[in-house]
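Per-chain numbering from 1; labels A, B, C and D assigned in written order.
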């Protein structure tokens, strides 16, 4: 029996009969063995979404041959598609401001092999000593402070790092600076933010203090793709925790840290496992 | 040993040293035995809140004597207070529109003795046949249809029923008509609504369709006191359930029904057990 | 465009390459349009499971033709399979003892069209007056009291009702009598029980009292298929709720009712929507 | 106005009238101002439990005077009691085996000031290089490998460290060795373990594999006090997460890590804030 390598195919197209038959025939014809498949038929937009995990025999031209076959089929159905070897980690830039709980958590999950990222750079708008307790190992650290006046220059540096490292994903791990529309559009579909509230509940600054003032009984966090419309990007994952009148704003911040780090870690994992397919203002997340 | 009767005392005042000592001395002096006590010190408003459950020997003048003692103490601390025999059910008016899942649920919980209400009337803006499958037993049913033009007259009828029955609580169990400011102010602090979204997320009409359009990953419901500022009254209880891209608006409505009925039932139970103390825009809920 | 009818196909077989291709080709060849598909590859048993929802043009011989095509394919892969029109409600017998919260809940969900069952009979070991508040409408009610001595006779009556009504599903909605191995085996794979604890935590009688004695911080309920090994049948659905030291056994029973009814309702819905495929001691549940 | 210092008093005694009055009078008499109080009346054992947080003016003999006053009152009611300055961190020994996610998490929470512990030692049965990525700062690290033969000697070393450092708390942060009855009894009431299952569901070794084999739909973790009866000590905190048939044992282990670290962190926080009062086989946890 030949060695097998695992791939993940995602695709999106207008729905019409025969898509699944075409995909499964194409993969079967290439000697592949499907082990997981998830699909979704969005009746409102008449769109079809699919994620397929399969094993393929390892030989010299295997991936090229497969890509050609998928491309041929994709043309017929006008599909948007991605194909990725599951073993290949996602090249990731991590951005952070003063609070480092999400950063520390992502790095820990990466170190123990839970998260299949390759952290190619850390960008912070605070100096290295802010994170004195964290061992960044070999990961390049960039201190890029920013003011209104220096934003264009700072963002040019960010873009140099992202493009220079070939980053496939940028994670705003409690990076508290607003990105310009121009940078956001260049990072479209590959920049994930963690908003420290349960959107669309409390947009803008200091959401835990807003939640306290309003007297809600649950607080939450939201991981979403970054778009020009702040706090309105497509939502990837959310979670909540129960609070009461007895929780002070500081308690909310403390409980919030736990929610933020687990929501962001899930969103990053979904991204690295090709579980997220954008759908306009929304996302399809094939979460398990 | 004498027969004992259980009472619940709630109070609110400005915080200062000696309150708890005064309360416990007063109750101890009246022969009472405290079995539960919860308190909260709201640092922001410098207010103090307390709920005390206690047993009192049953004899002719016991409650009167106790009320006098509490009143004397309350004057000293300028307390707002309530005292209620736990065994006494809360006289309740239930209001409903077309969807009856909350109404049916509350009536079931009442029938099996879970909810200590005395349902003195049901008011609906749909006719009796809309609820053909529900056995209302001896509860008076009032069909009060309403249009913009007839609202004043209809609300006068509502008020007659509320005041005529001596109702202590009005529950809007998916009653989908907006009440006038005038009626709302007369029901202040004793009218509970279930809003079918996780406030402040999706205010206004058709919140599940709003949630679907926005692509959130959790939906919820909110029980709150009704105030003139619609969807902004003090929140009593909230809960959520996980959804995904695969849930249609109809699925959200179905999942929502489960959340709505359990959130509303909890809020009503908290009210009947004197667990809620209003605090401006917020509530103190001594929930367990 | 022809009228379309929705069908659900489920299947199980040993895994090998080409299954998905064969299924999608078969359905495509029959003019069907797949709208949902879920699959699972159980590496431990090398089994493959799939659920496919599809639209089929309505014409005279359509279902027969399709069944023949599926049967031919199924023989090749040695599949176990089921095919069902989604619009067809599941003929269901509901069994109950003294506590009726699950029964009332299932009937309510059926009445508002949430649950696609056809309740063909209610069997109780308590007399009709125990459920005086419930309107059973046209559903046949059978009072079948039971003692150790009369069990064989009573179970023969149960079996007569099940087979006489052509019931596809038997729901033990807090029916507190143990069924004999003989009856259990005749109901294999189509009898769902709600156990009022989070299995395998507290098996046997009075689980909430066991939970209280042990001091756990969460209680739960479990819906499972009934097997000869009591409390050990394949689990379909579970849920929990938080409790504290302040909850009495009565409080646990109250909170438990809410969990039981929502867990059982979900399990019944999964069954009627062909979302459950048995896998030895476990179940595959394509829940969303 | 004098400087104020915050103290926490916990107590337990047989219930009888007048306890709360005595406590509040005693504290009021000592110039203290109660800011939080929680109490519980355990009807089954007729025991009374209370936790009181209060501010006390800072002056030379304040704490001594207060201790004398509390002791006098405590004798009258035969109370077990503790009194602690809230600002004083809990001297804590952390024990760990190969998996370090709980250890890393506790240290992070300590570093950012979330957890009021003073980590006086780390004890591991694996060598320092197992934790090469963790910066232990100034915390003493002890590598104490153990076999059946060396257990008595190893445990003598553990005890030396615990008593030598004056540790008030020992946390088994995924320390996978069974402690002897002798050591356990010396650590009674101050040794917390995290069991990686939802007790009493899956006791013993490899609980996630047990959960997988049984096909449960939720997995959990349990923090409990260690007693001689393994996996049976009083439970402090539990939590769960949803799983499905699609989760492999490795997925359960991954999801389990998240539950374990948050359950253990909560239990440790409750301990440091004097929120836990033992009650035989159970615990009273005044959690908020």
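One rule holds in what follows: contacts are C-beta pairs under 8 Å (C-beta built on N, C-alpha and C of every residue); 3 or more make two chains touch, one makes a residue touch a chain.
The model shown is predicted, which means the values in this text are computed figures rather than measured ones.
Between the two copies, chain C and chain D, the C-alpha superposition involves a rotation of 180 degrees in steps of 5. When every chain is reduced to the mean of its CA atoms, the largest separation from chain A belongs to B. For the pairs B-C and B-D, the larger set of C-beta contacts lies at B-D. Chain D has its Cα centroid 42 Å from the Cα centroid of chain C. Put simply, the C-alpha centre of chain B and that of chain D have 37 angstrom between them. In chain B, 40, 244, 246 are the positions where the chain touches two or more neighbouring chains simultaneously. Taken pairwise by the contact criterion, the protein chains are fully connected, each one touching every other.
By the touch rule above, chain A contacts chain B in their complex via residues 40, 42-43, 198-202, 213-218, 220, 234-240, 244-246, 248, 279, 281-285, 287. Within the complex formed with chain A, the residues of chain D that make contact are 101, 104, 108, 111-112, 114, 133, 135, 137, 244, 246-247, 254, 257-258, 262, 288. Chain C contributes residues 17-18, 20-21, 23-25, 27-28, 31-41 to its touches with chain A in the complex.
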